[in-house]
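By written order: A, B, C and D. Residues from 1 in each chain.
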């Protein structure tokens, strides 16, 4: 039954979080706590931290994650096709080829327009 | 009490109204996009619930949910591109400050 | 009908067992193996003093880590700061649910054979990115934020070739469930590594990058940005990040064995032994690559993924499709 | 009975996470709590025996879209964003409108007699989804690739700095 499989997944998540939190709890119980301001400054290789950490960068990070989202969506259409294309004969293969070629155009466009450049 | 269709519909109605609340009241454009994602998810729950309880023979509801997920991904991509270019030109992402048509 | 209380009990026992197995084998033994192999490759000895041949070294490290103080920097988002290592550790653990270890008589030794096993595995790999971004952001430190963003964009770019390699295997085997894939592979020569060799190479390269291992570990490179996304983490939280990373590495090695090297199938030895031999062979490969190849710069690294692995994966899927349908 | 308990737990997780997404002042906290909301919804899909859609939801929503949203937030927050007022002055109005719509929807859901069917879903949906995509939903399949292409090109044109 499908539900039992996913019961295991849920229990694994719960037990995993519990045991990881348990290890943190052990440290919270065991570890010494000597707290003074200098210790709590952020680590800047010794330099006193200045300015905001949220320095904003240019747009290339966004472009990478954008192209990733579009191609991640493409990959999910490949999964169901991959299982059944064997029984479906040629036209299923040709229809997927069209699908992949269209998205390959997208990749070529992103490539030429410099969306994949890191400069 | 057996788990019926109505439970899922009520949950999706709650999710939808929470998403609508976010869209109506948030100032940050990205938060509005998150609200839209929540509303799309609520609609997806309904699609899949109807597919199980009302028309279980063909998987049309689930296929439609997959297409909705694809469109939500495209919408998030383009919407966030607009947010990025608005931020670059107007230095703000707060929608009530973006009120000039030509930047 | 399914006897729910028994199943829940079994699930709890199996989860606890798997977590301790992973904590011991993947984290402790993995780190020791790494330092030993690193030493052997650089013709030095590696840890030697604690326990016979240094076997208890990582046990001593763990006990030390359990006593180290948790330093939480000022102006840190404490809730996210603490949950980030949990996310990475749990994601590393949960990808082990679908990995088949071997067969005992007729039963296959797998936690649960999900019939969308590959999709679940890819999903868990993408969960680690969320943990890393959360950790990088909440440490309120320029270096960890930069390290988090760079590490996330690297892992994100390599998830696609990984997905395409999984699709190529699914095409060959005709199912998404890992046990089905192993059964679809013939004996020693029938394993997919030969028919799907490009997908095997893509999978290994993407897996190395997905786990942030050399030659792709720029974001947390010593020479680069202090310590990448976990520069603010001390003591056990840092150890949880390491546990997640090593669990993920071993999971990738186990998945490479399951998908490409014929899982537990092998001529003479019992199935479980075969599986462990193959898994440790792939782990040795990961470690061997780490100590021999120089580090990639971030743009070379991303170019490799977007401009080499992704097109190669797409073309390979078309070739496999052509080969199978005609 | 067990399913109802699972449903209650999962919808509790989803709704709590959604309230955090909607109500939290810190934009990054609301973005990160999108993940438990989407994972709760994955559990709901599993209860509805939509296993493949659940796997896709984890992969795309919790893995790709949330990462995209987090990236944009980190690129557009110049550190002061966290202290800005996150909510505009329409809060009471928004609350009333959303509450009214929710109540109306729940009322209609409760009163309409849904035509319950007796059939049951195939257990392994992934292969049937693949077959349906390739047989009678072929047009939807090809048009989605066009939509993806258009979205990719459009987003790149908008986001890229005009050289």
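Following the convention adopted for this analysis, a residue touches a chain if its C-beta (ideal position, glycine included) is under 8 Å from a C-beta of that chain, and two chains touch if they have at least 3 such contacts.
In this text, all values refer to a predicted model and were calculated from it rather than measured experimentally.
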Geometric centre: closest chain by C-alpha means: A
Mean-CA-position distance for chain C and chain A (Å): 14
Centre distance in Å when chain B and chain D are each reduced to the mean of their C-alpha atoms: 6
Centre-to-centre distance between chain D and chain C (centres being mean Cα positions), rounded to whole Å: 28
Where chain A and chain D are represented by their mean Cα positions, the distance between them in whole Å: 17
Set of chain A residues in contact with two or more other chains: 1-3, 6, 53-55, 57, 59, 61-62, 65-70, 72-73, 76, 79, 82-83, 85, 92
Shared interface positions of chain D, touching two or more other chains: 3, 47, 49, 51-52, 56, 59-60, 63-65, 67-68, 71-72, 74-76, 81, 126, 129, 133, 144, 148, 151-152, 155-156, 159, 161
Set of chain C residues in contact with two or more other chains: 4, 114-116, 119-120, 145, 149, 153, 156, 159, 176
Inter-chain touch pairs (all): A-B, A-C, A-D, B-D, C-D
Touching residues on chain D, where the partner in the complex is chain B: 3-4, 7, 11, 14-15, 18-19, 21-22, 27, 30-31, 34, 37-38, 41, 44-45, 47-50, 52-53, 56-57, 60-61, 64-65, 68-69, 72-73, 75-76, 81, 84-88, 90-91, 93-95, 97-99, 101-102, 105-106, 109-110, 114-117, 119-122, 125, 128-129, 132-133, 137, 140, 144, 147-148, 150-152, 154-156, 158-159, 161
List of chain D residues in touch with chain C within their complex: 2, 26, 28-29, 32, 35, 51-52, 55-56, 58-59, 62-64, 66-67, 70-71, 74, 124, 126
Of all residues in chain B, those that touch chain D in their complex: 1-3, 5-11, 13-22, 24-28, 30-31, 33-35, 37-38, 41, 44-45, 48-49, 51-60, 62-63, 65-67, 69-78, 80-85, 87-88, 93-94, 96
In the complex with chain D, residue positions of chain A that touch it: 1-3, 6, 10, 52-59, 61-63, 65-70, 72-74, 76-77, 79-85, 87-88, 92, 95, 98-99, 102-103, 105-106, 109-110, 113-115
Residue ranges of chain B in contact with chain A within the complex: 66, 69-70, 73-74, 76-77, 80-81, 84, 88
